[in-house]
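Order of writing sets the chain letters: A, B, C and D. Residues in each chain are counted from 1.
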Amino acid sequence: MTAPGEVLAAESARFASFGWMHGTSGNLSMVVARDPLRLAVTASGLDKGSLTGSDVVVVAEDGSAVDDSGRRPSAEAALHARVARLTGAGAVVHVHTVDAVVAGRRWPAGIKFEGLEMLKGIGVPAEGVQVTLPVIANSQDMGVLGDRLEAAMDPRVPAVVVADHGLYAWGDDAMRARHHTEVVQWLLEFSVRLA
Amino acid sequence: MTAPGEVLAAESARFASFGWMHGTSGNLSMVVARDPLRLAVTASGLDKGSLTGSDVVVVAEDGSAVDDSGRRPSAEAALHARVARLTGAGAVVHVHTVDAVVAGRRWPAGIKFEGLEMLKGIGVPAEGVQVTLPVIANSQDMGVLGDRLEAAMDPRVPAVVVADHGLYAWGDDAMRARHHTEVVQWLLEFSVRLA
Amino acid sequence: MTAPGEVLAAESARFASFGWMHGTSGNLSMVVARDPLRLAVTASGLDKGSLTGSDVVVVAEDGSAVDDSGRRPSAEAALHARVARLTGAGAVVHVHTVDAVVAGRRWPAGIKFEGLEMLKGIGVPAEGVQVTLPVIANSQDMGVLGDRLEAAMDPRVPAVVVADHGLYAWGDDAMRARHHTEVVQWLLEFSVRLA
Amino acid sequence: MTAPGEVLAAESARFASFGWMHGTSGNLSMVVARDPLRLAVTASGLDKGSLTGSDVVVVAEDGSAVDDSGRRPSAEAALHARVARLTGAGAVVHVHTVDAVVAGRRWPAGIKFEGLEMLKGIGVPAEGVQVTLPVIANSQDMGVLGDRLEAAMDPRVPAVVVADHGLYAWGDDAMRARHHTEVVQWLLEFSVRLA
């Protein structure tokens, strides 16, 4: 099995190449233990296109580092942990796509999707079911942001838009989290372009 | 000759790099025998950017697997086979481009093209001939979708848009199917941007 | 010195990667002799992203092959030769960009540029000089197209848009032709987006 | 430590691959000495996607070459030096993005940003602080352009748009200058698309 750090570095490089992690923005995580909950999270302040396998920190549920790497976890690590706890996800992706922020401005009450084949990519039927991708207000307080996410999330939709900020998406493992991220981004691009 | 699986894996990686096969969406096929009809089809549920040459299944005309790979063919394999039967194509491409789905919404009765040099890329004269890229309603039933495709297709146009879903294109071999896919996608992008 | 075929194959792969040579569209040339005029031109009917150094044909001023490669020159070879004769260019690029065709529809009488730093990339001052990128009607007759190009071209602008078709650009050598192509494409993208 | 020429060549190739340095446009610099001020600047007239580590010139504060490379510094080298002197930056990036020029036309008095998480990428709080990315008129006189930049710049914003021209951004080192460039470009793309 590839080490979590290697997986997260590769996924970061992928998303960075799409322009979704400019500067040092965005962060990725994988659950490495469930009880107590432990996540490997990308370290803060580094270029997301050139992480190495050791540019990760293992954090506890409150987002604090529990390893001796000396690296600083992303401030958003606690939100990753909360998503993992709430949803059972094994991997969480947070990226800054322009479409997510544009869509959050256009549809602050949430972005409705129905009748699109691409919905199957997040486990929603292509016909007859309407789902809403929640949009939550931004905050610098991860507890506040987590409460908003918990209140807004739809168990059928493995993603949330944080207004004026970006996109969170998750899945059972890193590959599924990637797929959910890219499928939701496709849906956002489609909605923005059609509007 | 390169094995069909190798060709399909390479073509998948190409289209995935364009963002046309997000998640596990889309599928590609090549005819490997005509009588009875047999197609190599990309396996279901895998990341289309990282297929290997063994991530294909050989299917019969009804889309069922006829090899012992143990892999599951895409649910759309039967539609690929129908396209191959109807058109004589040797390769079929199905991708999810945003432009195809936007165009399908704007022009649900079909997308008209005339007087564009790029039409020569699908064998249509650059001047004096109007053709319509058909748009058919989506369905989860491949028989229904195939009937719609058969009823709507124009023998001069090697492609069909499935509304709210994506694009099918085909050609004599994998390279020509690629060219038709990319030429039709160019025409769709042009039409959407000009509208 | 790198052989013309190697240069043209590399430049083709570059432009193809931008989506400017979909299918087998577009063609590139370099002058290999002046008296009589001889150009190496990319061969017809091949994927422009995967040419090799031998996928070129040497043509005379009328566009007919004068080598024994057995390859078929692009039908547009005669127009390349005419551009080389008219302008003294050492290399000619013809690509199908969506922006060029959109701009040709919006401004059929030509696309005016003035007061943009990017103009310096085609040798026009950044301030105080207005130039027009000509737009000429398309034709399948290279003689007609060449006459239109000759009548419309502005010696200050190393490029012409062919309506409903694409862009021609040229320069003293392959690198300058590349630069002119990409600078004009930038100007077209800018104009279309601002409109 | 990687030599400045190697760093600048790699950063140039990166930005060129995004289409931000078409033709020979744009230039990058790094401070190599403070007293007297000396910068390594990319040489003029070369393709920015294929620079090598020796394609740099060391210049003095007035932009004149002070090494024996025989290469010609960019005409804008004096402006790079002025930015380095004014801001204390260790690296300066100048690129030609379409979004920067479009935004400069739309908001000639400057582009306001507030309440976006991405602002943190240039050191501005995500909430409660409005900043303006200055837009200054273009000039071919680096002294005039430098005066305008000095008069317009906001110490909280490590970037300036030059109208009808492009974007300047800077940072403590090449990586931070890259991050500021890409974050500001994201903000410009967002603003243009939302407008």
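Following the convention adopted for this analysis, contacts are C-beta pairs under 8 Å (C-beta built on N, C-alpha and C of every residue); 3 or more make two chains touch, one makes a residue touch a chain.
Everything numeric here is computed off the predicted structure, so don't read it as measured data.
A.B. asks: So which chain is farthest from subunit C, going by the mean of the CA atoms in each chain?
C.D. replies: Between subunit C and the rest, the longest centre separation is with A.
A.B. asks: What's the call on subunit B versus subunit C, same or different interface residues, using the half cut on shared numbers?
C.D. replies: Shared-number fraction below one half, so different.
A.B. asks: Any idea how many Å lie between the Cα centroids of subunit B and subunit D?
C.D. replies: Those two chain centres are 44 Å apart.
A.B. asks: Between subunit A and subunit B, what is the gap in Å from one C-alpha centre to the other?
C.D. replies: 31
A.B. asks: Show the residues in subunit B shared as contacts by 2 or more other chains, in ascending order.
C.D. replies: In subunit B, nothing touches at least two other chains.
A.B. asks: Which label fits the chain touch graph of this model best, line, ring, star, complete or other?
C.D. replies: Basically the chains close up into a ring.
A.B. asks: Looking at the whole structure, which two-chain pairs count as touching?
C.D. replies: A-B, A-D, B-C, C-D
A.B. asks: Taking the touch rule as given, give the residues of subunit B at its contact with subunit A in the complex, in rising order.
C.D. replies: 19, 22-25, 47, 96, 98, 101-102, 105, 138, 140, 162, 164-166, 192
A.B. asks: Help me check something: in the complex, which residues belonging to subunit C touch subunit D?
C.D. replies: Within the complex, subunit C touches subunit D at residues 115-118, 120-122, 126-127, 175, 178-180, 182-183, 185-186, 189-190, 193-194.
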